[in-house]
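Common to both upcoming complexes is chain A, partnered first by chain B, then by chain C.
After this line comes the complex of A and B, so read on.
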């Protein structure tokens, strides 16, 4: 079974590499570093790489306090029954497909961001980041909670018998033990955020430009996934544009693979 | 839908139609009628995606019929040399420069080609420069392959592939454009006139001292400067049910549906 998965992934990787050869031969490093993308003339991937990183970064900054706080609360303060309730809800939400979030984003989030910050338009990096944060919150919460709950009871008992308060016990005894699992949960959530297409595509603005200044969250942008979502259908099969889009896909493949690998390395230490 | 009933000896013929969201309503409504008339022999699926996707799908064989609200570009012609693309005109439409209704009611009723160009180039950034309220303009651009954009840019800049550095957003279908402009109180965009409504108003074009409104009348008598043919694109010679479907759209019954959808029939009487 794992052999089949390996073959499929290797096949996908090989396909992406082969399809990327024309554009990389044509533009070489200018593909990764170029800031300008205009079909038929030039293909620069930097704005999309920037967009993916920014949106994922915003999502993680927003989600970490909430997910970790929620995980700690669920693991250490709730009764067994309440905990199962929370876990079930989180796992349910984690399964909701991206388009639902996308529609909610268009209908509610974009308008809210526009009005709250007095912008001319609500399709921004911040909006996409917020939406992604909401999407990956359940995943990170439930996995981090697993890590915390897996810390053996003797650590807690010993700390409490030594005279620590509950909060001190959580901070000094439980969290350090659960850290590898928590880190793993975060990286897996980020991997999902980076690949999310439709929700981001509907609220990010679709402008192939790096914001000026680069940290302006109220600017429209384009992520790798949203670019593929918008342009793939018109270029299918052949031509330099198709090769450029496939190369973008290859870049995303590497980025997500990197995040997932790091995440798994941390999780291995838990099990 | 699409069950294999009716004539037991004839296998069900499936026709796929893909492309321009401007032509989409025509294709959907004529397909409904055509399928009804065919007694279960034909099943037609219609999808959007844009003119570029329509031409691409027809040329590569992924769809039987491509829809395009623009002409085929030289690059596309060359790419699909074999078996060669054929164009069938099924109606006429105009592309309006549309703005949010709030801006229209504040006094911006017409714009010149130069003003529109400057807005899309980012030279004019505030509505007050063209007689409107003191608000920043939300410039909405379209994906580069879209037929509506080709036609609009051809008029404004003389180049169907012109860049718009002043753009704030890039969106896709006519549907999405309509939604984004009605959500904003300060937006400008480009839209097929059949898609205009109360929230999304088409401005008159100021040209040579007169103002030409984006109405069907002005398209019929060729006064409105931004108009285009609505095309079906087919690779090679259409045969069988595909040919029948195209003939149906170009027949008086089909053309009646074209007119009811808000476009100009090819032989207006």
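After this line comes the complex of A and C, so read on.
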């Protein structure tokens, strides 16, 4: 019965491969490297790959200081009772789903971004990245905190008895020990951000183009997941467009799998 | 001594500020949803069908659709997850295989949900001919929440005190009798935790069901196996994009608050059960 997880992963992967054969046979490497996506004519995945990387990158810039600072403070400076409160709150907040963030994004945040930066349209890479950052914050914070908290007390006692200050102890004894777990938490969080569909779809602007210059965060873009979310319904089930979408799904599978694998590799060293 | 060092003080303060900021950010998010959604919610909103394309009326059938999908998903996933967890804790002896399965289940957990939607639609919707229907949605969600359930169950079983097993073995129980009369009854809180978390995950999922299981209007309750259902998630999705109709957006917030409350109650229940489970295993 355990093989069901193997069957499911293999099935998912096999299906995506099988269904993306037509488009890959037709366009070969141009599919991955192409910069244009016109349904019915040409399918290029590069703008979507770029979009996925950009929103995930922006999200990580926002979330890392908050999540890691929060994790260190919660694990090292708060009392046991306060810590449990923070943990419970983070688990609750981790339950807020993509559609709620999407609603916040459409109804409020896009407007704020537009007004604060004087833009014509608030649906940008920045908006999507900010939203994703808030979304994965509780997950990364609580997992990184777990890693810090799991460092055995003897390391702390030894450092303190050597005359280290609390800060030195955290820096040179606790964090190095917890680093694999922290990295694992970050990678898992980023994988989640990369695969999020709804929240991103509603605020990214839906333009299949690489911004010029590429680091322009105020430009609209498209991530792989948002592209799939937008076009799956119209292309459903057949044709070259469907095959192109499945190939995009395959690319997303690889990108997320890579992040998850790296994350697991780190997490395994903790256990 | 160390406490008066200005650098120590500064870093400590900085970390405190970051923590406070993180918590504030999330509390503000919840506050906004509550503040925007609460005025819309009353008894009629919860007990009437929606009308005027969601801009007036209530969300009764959307709520029903969400409940159908999440309950169906857990009903399908539960026996599979329980079987897998028990196989891995009770019967599987090879550490390497255990590790492999653990990695697989974590990878499955990290998969973008939209991929489950795409592939699930092809398998359940096209090949098994269920079409765009609540059945397709239920099966897709069942696959999606499998890791959540399995990991919870497995952790619960692994946390059981060794003495329970010892007592069972001393009584000469066979592995199967052990599972039925010791393992399952003793890890019941862990099982409930997993079920609640699975329900919460299925309740909030939108991407995997929006084009495989749902309809915006036309159907209230499914009459056949292959009817689509309206759901809260997709209701919000449609209404949120009606930027020019404030009434529709207001209803989206109302539906959002109901969905958020639903997941919060489920997750809070799971946290409570897990704390029970931990107390149990420390006895």
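The rule is simple: the second predicted complex is superposed on the first by the 269 of 271 C-alpha atoms of A that agree within 3 Å, B and C clash if a C-alpha of one lies under 4 Å from a C-alpha of the other, contacts with A are read in each partner's own complex, and residues count from 1 in each chain.
Throughout what follows, a residue touches a chain if its C-beta (ideal position, glycine included) is under 8 Å from a C-beta of that chain, and two chains touch if they have at least 3 such contacts.
Source: prediction; values computed, not measured.
Once the two complexes are laid over each other on the shared chain, residue contacts for A:220 go to chain B alone; chain C is not touched. Of the two partner chains, neither chain B nor chain C is touched by A:131. Legend: residue contacts after superposition of the two complexes on their common chain; A:38 is shown touching chain B, with no touch to chain C. Of the two partner chains, neither chain B nor chain C is touched by A:46.
Within the superposed three-chain model, A:236 lies in touch with chain B and with chain C [touch as defined at top]. By the document's definition of touching, neither partner reaches A:59: not chain B, not chain C. Contact with chain C, but none with chain B, is seen for A:261 once the two complexes are overlaid on the shared chain.
By the touch criterion defined above, A:244 reaches neither chain B nor chain C.
Set against each other, chain B and chain C touch different numbers of residues in chain A, with C touching more.
Of the two partner chains, chain B is the only one that A:123 touches; chain C does not reach it.
Residues 106, 233, 236-237 of chain A lie at the contact with chain B in one complex and at the contact with chain C in the other. Touching chain A in their complex are the following residues of chain C: 1-2, 5, 7-8, 11-12, 14-19, 21-23, 25-26, 29-30, 32-33, 36, 80, 83-84, 87-88, 92, 97, 99, 101, 103-108, 110-119, 121-123, 125-126, 143, 146-147, 150, 200, 203-207, 210-211, 233, 236-237, 240-241, 243, 249, 252-253, 256, 259-260, 263-264, 266-268, 271. Per the touch definition, chain A reaches chain B in the complex via residues 38-40, 106, 110-111, 120-121, 123, 205-208, 220, 230-231, 233-239. Contacts from chain A toward chain C in the complex involve residues 1-2, 4-6, 8-9, 11-12, 15-16, 19, 65-67, 69-70, 72-74, 77, 86, 88-104, 106-108, 134, 137-138, 141, 165-167, 188, 191-192, 194-198, 202, 225, 228-229, 232-233, 236-237, 245-246, 249, 252-253, 256-257, 259-261, 263-264, 268. By the touch criterion given at the top, residues 49-50, 52-53, 56, 60, 62, 75, 79, 135-136, 138, 143-145, 161, 163, 167-172, 179-180, 183-184, 186-187 of chain B touch chain A in their complex.
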